[in-house]
Structures are given as structure tokens and as C-alpha cells.
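Structure in C-alpha cells, see below.
Letters A, B and C mark the chains in the order given here, with residues in each chain numbered from 1 onward.
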Amino acid sequence: MHIVVCVKQVPDSSQIRVHPVTNTIMRQGVPAVVNPYDLVSLEEALRLKDRLGARVTVLSMGPKMAAESLKKCVALGADAAVLITDRVFAGSDTLATSYALSAAIRRIGQDEPVDMVFCGKQTIDGDTAQVGPGIARRLGLQQLTYVSRIETVDPAAREIVVHRRAEGGVQVLQTKLPCLVTMLEGANTLRFASMDDMFRAARYDVVEWDHKAAGITEVDRCGLKGSPTVVKKVFAPQPRAIKAEMLDATGKSASETVDALLSTLFAKHPNLEAEIRQ
Amino acid sequence: MAEKFDAIVVGAGPSGNAAAYLMAKAGMKVLQLERGEYPGSKNVQGAIMYAEALESVIPNCRRQAPMERAIIEQRMWVMDDNSYVGSHYRGTGDAGEQPNRYTIIRANFDKWFSKKVQDAGALLICETTVIELLKEGERVVGVRTDRANGEIFADIVVLADGVNSLIATKSGLRPPVKAQDVALAVKEMHFLPKQVIEDRFNISGDDGVVIEMFGKITKGMVGTGFLYTNKESISLGIGCMVEDFKKSGVSPYQLLEDMKNHPAVKPLIAGSEVKEYSAHLIPEGGYNAIPTIHGDGWVICGDSGGFVNAVHREGSNLAMTTGRLAAEAIVTLRDEGKDYTAANLRRYRQALEESFVMKDLKKYRDMPQILHGNRQFLTAYPELLTNAAHTLLKVDGVDKLSKEKQIKRNFVARRSRFGLVGDAIKLVRAFR
Amino acid sequence: MSAEETNSAAAPRRAGGIDLGTWKGVWVNVELERGRVHPVSWELLGEGRKLADHLGVPLSGVVLGPDDAATGEACAEAFRHGADTVYVVRHPVLEHYRTDPYAKVFTELVERHKPEILLLGATTLGRDLAGAIATTLSTGLTADCTELRIDDETRSLAATRPTFGGTLLCTIHTLEYRPQMATVRPRVMAMPKRDEGHSGTIVTESVTLAEEDVVTKILSYIPDANADNAQLAYADVVVAGGRGLGKAENFRLVRELAAVLGGEYGGSRPVAQAGWVSGDRQIGQTGKTIRPKLYIAAGISGAIQHRVGVEGADVIIAINNDPKAPIFDFATYGVVGDALQILPALTEALRARLGHSAAAE
């Protein structure tokens, strides 16, 4: 079995700061990490590898430095890593991204047919959750999103059964390979690479493809050109004009404070009390 | 089967990088292990980088290095509760001479340095912690990491793992670091637009300012406060001896808050956005606290050997120099086909003794004790000094001579004549 | 993976290639699953109404489902929430949501009627479907929008959404492609007034579907045991706690207050991750968005990612011992004090007040 896992290198959003004055992103010193949701999918793929003996290839589109993130995936147990990196990919939105990635997956499939593709539930920078379905469409894969559990995979019968999160319940779905899976967070816990794997990764050379090597012919379906969406403006959320009416509890007893609060509350919002009663 | 290298370097800070770089350059098969996610990830703080020490490892590289600002002005402030007397020096020496100190942001600098190390051929593995040394009898033959199949072997292990020096301690190569020999420094990064920083500090381009603060801001504890200007941020921090924190019960955080609210500091950081708050230990025991730094199959360099010049607040340069000298000793032994025994590695210690590192540390060997024993340097004098300045500068119709008499009386009142003389001598000795 | 699959994802529909003018009307996916319509569909009709009126075009709902009463009811409700037209496809294959048949039907309808705007709920169903059809239609899709407007100059949809972990917002347009697609998370938009009287035209569409062509089969469906958690987003009163409560045990205080108020409880991300509350009770950008009449936040700093999830509340009471906490910048009432003291006091006072006067009624 051959599994491709799509991983994206993203800025650690918890560390991104907005410039207090210019309202622009301050990337200085913001570390790049593997999109956390992708690691859930990678771990799931690696578990299939452990169970059924599959070959796992990680794939990313991004700048050269994204190779670092791919190496982390190799350390965790991926057999091969491909980075498609090319100026023509710059400014891709999800449509252009899924175009480039699906082309690369088809190219990877030429050496060894691909049975499953994993994507993360979403990214923490784009977080659109669109690239996965996009790839599935383009490659005609059965699409299994928000998977909380992979019940069984039968490579011989080319059959897979999964639990898929729906609103208010879980669908138990059975379908055929090849398919695309996006995993739900918390579906598994990431492994800790062994020393041998760390050495293998440290010495591994990530395969880098430009658009030609990735088998992409229609360059104007990549990058900005191939992106229907246009980001018109980026801005910081407006602070509210009205600030909270403050009740200082210091010095007062809790019950005094609470009484003050409730009388103000129900005086200013007469309906509220009735509504709470219902 | 376990991996075997010519040398293993533990830690990717300035000392580890210097050592790994030179050994790899000399064609040794070097493995460098770093606990952090990437070099510098554990070292967010801004700091001062000393170009000479760096360029004696990587010749004329300062142009490519991610320096923040070249320090052209040094301010020394002796602080009272809400005033200070200070001396400023501005200038970079003779015209044309390059500035020799730069502000850096460690996270960026360490990353850059590490890239050089890897380009030189060393193998770097991050997110991997060395938990102990592998020994054959007395000889260190490798390390064990926190990962499965974690044993890795090497002819020599360079311990550059920072101030706590846990590995060496755990393996009984050195006594544990003593509380009275380490300072705890807390530090914040305050982000401000480039222009605002340049206006506030009267600088332009890539020029920068450093302010060192002594006196009452440390609330009678032995320590200093500091402020460095980076391109788009200000590194602000204060450090005191751990022992003093314990005794005084003052929280480091509170100390920093009060410093930020000092009328002389507050306007400099007004309106800034604080990013990270980091606390870190600095070895400040000086010469007398330096342990054995070499043995059969191992050497220690940088903070883990206690190599910091507390008086001049130098660390990374000593770290890089000790790393360099260790590497040079190791490479020579390899070239001479000699074994890495304690006896042969003594040349590392010798090189250190001849270098500025030990000379400086010796020079100030008594400083820590003196400051410990004489709190007046930290409390009484600052107050007296600022009062003196105040009295002298106040235009209130009192003639200057009587003012000076008054000042003298204040000093004598606080410290007996003998006390004053004694203090003076002590200090002079310590500095000479 | 056959090559023609890709070509089925048609080459980009550029302005040059197509006449934008032929694309008219605003469509909303009426998300019908297992006989129940997800309320986000009504919220979207409410928002779609504004867009349609601004453009002077009709607002349509799209209902896909089996040939049963629920499907009919969904159509009727769509009208009551503002739809002028409902396109309905009734087919047994559509009984359960599955990507392929739903995507097939939807794309065919879009090709036939060419709506300029297509809105879906950012639910597991909506996101799965939107990603698929946007690709096949080869057009732009903006996810998790927090604001939808029409840009008069270009007559295009200006879709605003959080970016970079919510620290910034960005406004995205799809200028040269149609339809312009967007998804919106439940509760981000207000629920429109339900109008019993309002009705419109039902257009029944037929699409050729056959179960044997559908590769993916539903083996079973496991409803959530604690389905009440789904109520959180729609509760009138929500009490939430944050890291400021100190430890898991203290969360009891939050649940007790919620109980007295007959409301739901939730938590900030750190406490959800720490397991003080279950993950589906996380409130904020990456959790649930809520619009209660009353929201009480105890020990929550009010980071932007939390704020976007609760700003829709009518009244926000914030309890925090740090007067400088950002939550006071958007709360209605701020109590500076120890939540561990205030919460129980509040619970007592309300129990007395509500209990007592309830008896009096």
C-alpha cells in the first residue's frame, strides 16, 4: 500500500504578533511548525504502515525552508518526502494549491500507485479545510473528511471503513480505495521518534520538484494566476467603542458586589429576568 | 547498531556552536545535540554579541550575521528610587574602526550560527536531550539521549549545555552549581516601531544604545539591570544573585515591574508591546567557582563551566572563546595522533589561562564576595550619589562650598570615615 | 486516479471566458440531515436576504433530501426564513449526506441556474460539500466568514474572515469567477425573524442518480450520547470559565451557576485542552460561537480568539481579578474580583431571586 500525506509548514500562530502601530504581522522570530492537524493525519498513516506495512510519502508545497518540516515527518517514520517549490506557486489559494498538489500526487503515483491520501482537517494559517476535498475531487478519490477513527482497511478488497463526525452524530462509512482522509484532532497521539529515526531524518535529502518535475503543464492554473480569490485588505479587529461598566469588588464582600451587579443588570435589561425564567 | 562520531557536542548555544564549527572545519565527524526545537529556541532573549570573539571563530562574518544594532553608546546609571546619576560614553573609538559590540536576538543569531556549523559539516539533531554520559571506567565514551536506542559513542564529548551543567554534575565530573554562584535574570522584549526607538535613544540607522543600571533598583541585592536597543524592540531585564532572591523574598517579576516603572525607564518603553518574558540563570561565581573543565574524553565550555564575567556582563564571548579553545586543543591532539586523556587535554586549560578569559576572571575574582559583604555599594552609595548631584545642581541660593560640605557630611554620617576609605580600597583592589 | 477526473474539474472560469452578467441570484444550502435542518441554514437565509436585496436579485434555498415529509417541511421553513424560491431535489440516494451524490446534484443545479453567490454553513457537512463543488466548478471559496457585504464598485461579494490565528481579519473577493462561494459558522450571523406568512415558488429539479453508482455506503449512524452539548451554541444563557479558575475542581462553580440560570456552560481553549470541560464545550474561534442573551465569563482574559466567539451575546458579564484584562474591553459589565468568591455568591443570589419570585408567580 502507498500512502501520501500532505503536510504544510505554517507560522506558529500562537506566536504571531500584530505590530501595535502599523497593524502588520511581525514575523520576526516567529517559528515555523508542521501544521498540527497534519501530524494527526501523519500519525494515522504511520499506524496503518505499522499494521499493514505501507509506504508513506509526505508531500508539501512551499518555500525551500519547508524541507525542515518534511524532515520532521521523516523522523516520525515517513519513508520519503517531496517538496514542490517554485516561484509559479507563489500566492496560491486553496484551488491553486489543490491543483498543484494533486498534480504532484499523480506524479508520485507513477512510480508507485497511491492508494490513500491523507490531509489535515485544516491548516492553522489558512484554515479553510478546502485543499483536502479539492485534491479528492481532482484525483477522483473517495472523500472522507472529519474522520475520528479508521475502523478497518482491507488492501486486498480495496475497502475501508471509518467513523466520520457529522453534526450531532457519527457516520460509519464504508468505501473503496483510493480515498482521501482528513483526520479529526484527538484521533490519536503522536509518537516520539527513536534515535535511529532522528539520524535517518537528519541525513535524509528531501526531494525537491519545480513545477515541471511535478508534471505541471498549465502554469497559469498555479499561484496567483490560478487563484480565483483575491485578498483585498488585511486589517486588525476594531476595538469596541463602548467599554465595560466596571464594578470594583475590592473592599466589598462578594455578596455586596453581586447584589450591586444584579440590580444594575436587571434594571438595565428588564426582559432578561423573564427570559431567564423560561 | 549505535552510531559513533569523532566528537559529540552537547548544546547549540554560542559555546557549542563555536566548538562544533571548528572541529567540523578541521574535518572531524561531529554530532551536535540540542534539546530545543531549533538552536536558539530556548534562548529568546536579546543580548550583546562581541564581534572579536565571533570573528576569531568565523573570520569577518559580522556583515552576514543577523546583528540588530551596533552599540555606539554605553550608559551607566546609578539608580536611586526615582532618580539616577549616570555617565554616558558615545563613540566607536578611532574613526573607521568597526564597533566591536552588537545587540542581537539570540533566537535569530543562534539559528544563523548553527547554519554555519551545519554547512561546515557537523550533523545537528534537535529536540533531543542528553540525559547522561556513557563511561568506560573513568573515561567518557559517549552520551545517552532521551530517545529510544539513545546511546551514541564518540572519542570526545564537549559539554556546552549551559549554566545548570546538569550532565557533568550528574556524571560526577563536577560539583553541583551553588546557589551563591548563580544569578537569576528575568527579561522582556518590548516591541516598538524602528522610528520610535531611534527617536527615543537619539540614534539612527543600525546604531544602538546599551544602558546598565545599578543601585536601588536591585533592592539591596547583588545585581544589575540592563536595557538594549534592537532594531524593532528593546530588551529589558534585571538579574540578581539567586541566594539574594531567596533571602529578600523579592520576586524577580516584581523587581522587573518596579524597574519598568522607574521614572527614568518608563518613558523609554512607553507604548510598547511586550512579547516574551523569560527567566534564565547566569553563572556569576567568577574565577573561584570554575570547576575542573576537562577529563578523560570530555571537556566543558561556556556557561556550564561558569565562564561569565559578571562585572562586565560578558558571557557569549567567553562562551565562544572557551568553545574555540577547546576545539583547537582537540584538533591539535587529533593532528598529533594523541589520545583525548585528561593529561593531554590540559592544554585546553593552559590556553584558557593565557587567554583574556581567565585573566579577566582572575582580575575580578574577589568581586562577588566584596559585593556580598558590602551592601552599601548597592544601597547607600546610590542614594548618597544622587542626593549629592541633586544638592549640587539645585539652585537655591546656597553657595556651592557649603553644599559640598553638606554632601561630605552626609557621606560620613552614613559610612564612618574609615568605612569610606575601606570601601574605596576594597573596590579599587577588586577592579585592579 | 484517471486523468479525465482532473479535467472534470473544469479549467478556471475567467471573466474573459464567461459573462458575469449571466450569473444571477443568491443561493443558500438548506442543510437537511436525518430529517433535521441545521439552524445555520436559516441564519444564512437571513444574511442572504440582505445581499439579495442589495443586489436586487432573488434569494433561493437549495434543499436536497429523500422524498419525505421532512424534505417538504424544510422547503416551507426556508420560505418562512426569507427565501423567494426553493430548488428541491427529492431522491432516496440523498437520504444520508455523502459527498459524491450531493456534490454531483449541487454542481448540476449551479450549472443550470447560474447563481452569482452560493452560501453554505461551515459545518462538517457544509465544509465537506463546499470544498468539493468549489473545485469541480473551479471557483473561489472563502471559509468561516464573519461578515458578508456587497462591494458596489465591482458588484462582487466582499467576504471577511479571521486570518493568522484570528489576530487579523482579511476581506476576500472572487472577482473573475462564478459563483462566489462562502461558508459561515453557526451562530456567527443572527437568526432572522420567522415569518409564518412568507412563501414562494418551489422548483422541483430532477437529477439522474443511482445508488449503485455511489461508492460510499452508510453502514450505520451513531447519535451523540451527550447531544446536549450541541445546545451550547443555541443556549440563551451561557456561563464559561477560563484558566483563571485555577484548577479543574473549581469548574464546579461554573456548572452550578449555569444550572441555576437554566443555561449551558463552556470554557476557553486552555481549559478545554486541559480537560476541565469536554472539547465540544470550547467557546471561540476554534470552538463554538455563541449568541446568548446573557454570557458570563469567569477567569477568562478575553483573547481575540475567544472574543470572536462571544461578541454576538446581548449582555456580557466578565469576572476577572485583573482590571487590565482585555475582556473588559468588550464586556457589558465588568467585575474586578476573585471568580472563586464571586461565582458562588452569584449562584446564591440568583437562586434566591429566581427561586423566590418564581414561587410568587
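Simple rule for what comes next: contacts are C-beta pairs under 8 Å (C-beta built on N, C-alpha and C of every residue); 3 or more make two chains touch, one makes a residue touch a chain.
Please read these numbers as outputs of a predicted model, since none were measured by experiment.
A.B. asks: Going by C-alpha centroids, which chain is farthest from subunit A? Tell me that one.
C.D. replies: Most remote chain from subunit A, centroid-wise, comes out as B.
A.B. asks: By Cα centroids, which chain is closest to the centre of the whole protein?
C.D. replies: Measuring from the global C-alpha mean, the nearest chain centre belongs to A.
A.B. asks: Between A-C and A-B, which chain pair is linked by the larger number of C-beta contacts?
C.D. replies: Taking the two pairs in turn, the one with more contacts turns out to be A-C.
A.B. asks: Hey, how far is the Cα centre of subunit B from the one of subunit C, in Å?
C.D. replies: Between these chains, centre-to-centre, one finds 53 Å.
A.B. asks: Between subunit A and subunit C, what is the gap in Å from one C-alpha centre to the other?
C.D. replies: Spacing between the chain centres: roughly 20 Å.
A.B. asks: Between subunit A and subunit B, what is the separation of their C-alpha centroids in Å?
C.D. replies: Computed value for the inter-centroid distance: 41 Å.
A.B. asks: Which residues belonging to subunit B are in contact with no fewer than two other chains?
C.D. replies: Correct list: empty.
A.B. asks: Touching two or more other chains, which residues of subunit A qualify?
C.D. replies: 17
A.B. asks: List the residues on subunit A that touch subunit B in their complex, please.
C.D. replies: 17, 19-22, 26, 28-29, 31, 192-196, 198-199, 202-203
A.B. asks: What residues on subunit A touch subunit C, complex-wise?
C.D. replies: Touch list, subunit A to subunit C: 11, 13-14, 16-18, 23, 25, 93-95, 98-99, 102, 105-106, 109, 113-114, 124-125, 127-134, 136-146, 161, 163-176, 178, 186, 218, 221, 226-237, 239-240, 243-250, 254-255, 257-259, 261-262, 264-265, 269, 272-273, 275-278.
A.B. asks: Sort out for me which residues of subunit C touch subunit A in the complex.
C.D. replies: 1-3, 5-6, 8-9, 11-12, 31, 33-34, 36, 38, 96-100, 103, 123-125, 127-128, 130-132, 134-136, 138-144, 151, 158, 163-177, 215-224, 227, 230, 236-237, 261-263, 279, 293-294, 304, 307-308, 314-318, 323, 327-338, 341-342, 344-346, 348-350, 353-354, 358
A.B. asks: Where on subunit B does subunit A make contact in their complex?
C.D. replies: Subunit B residues touching subunit A: 3, 37-38, 41, 44, 105, 107-108, 123-125, 128, 145, 147-152, 191-193, 196, 232, 271-273, 275.
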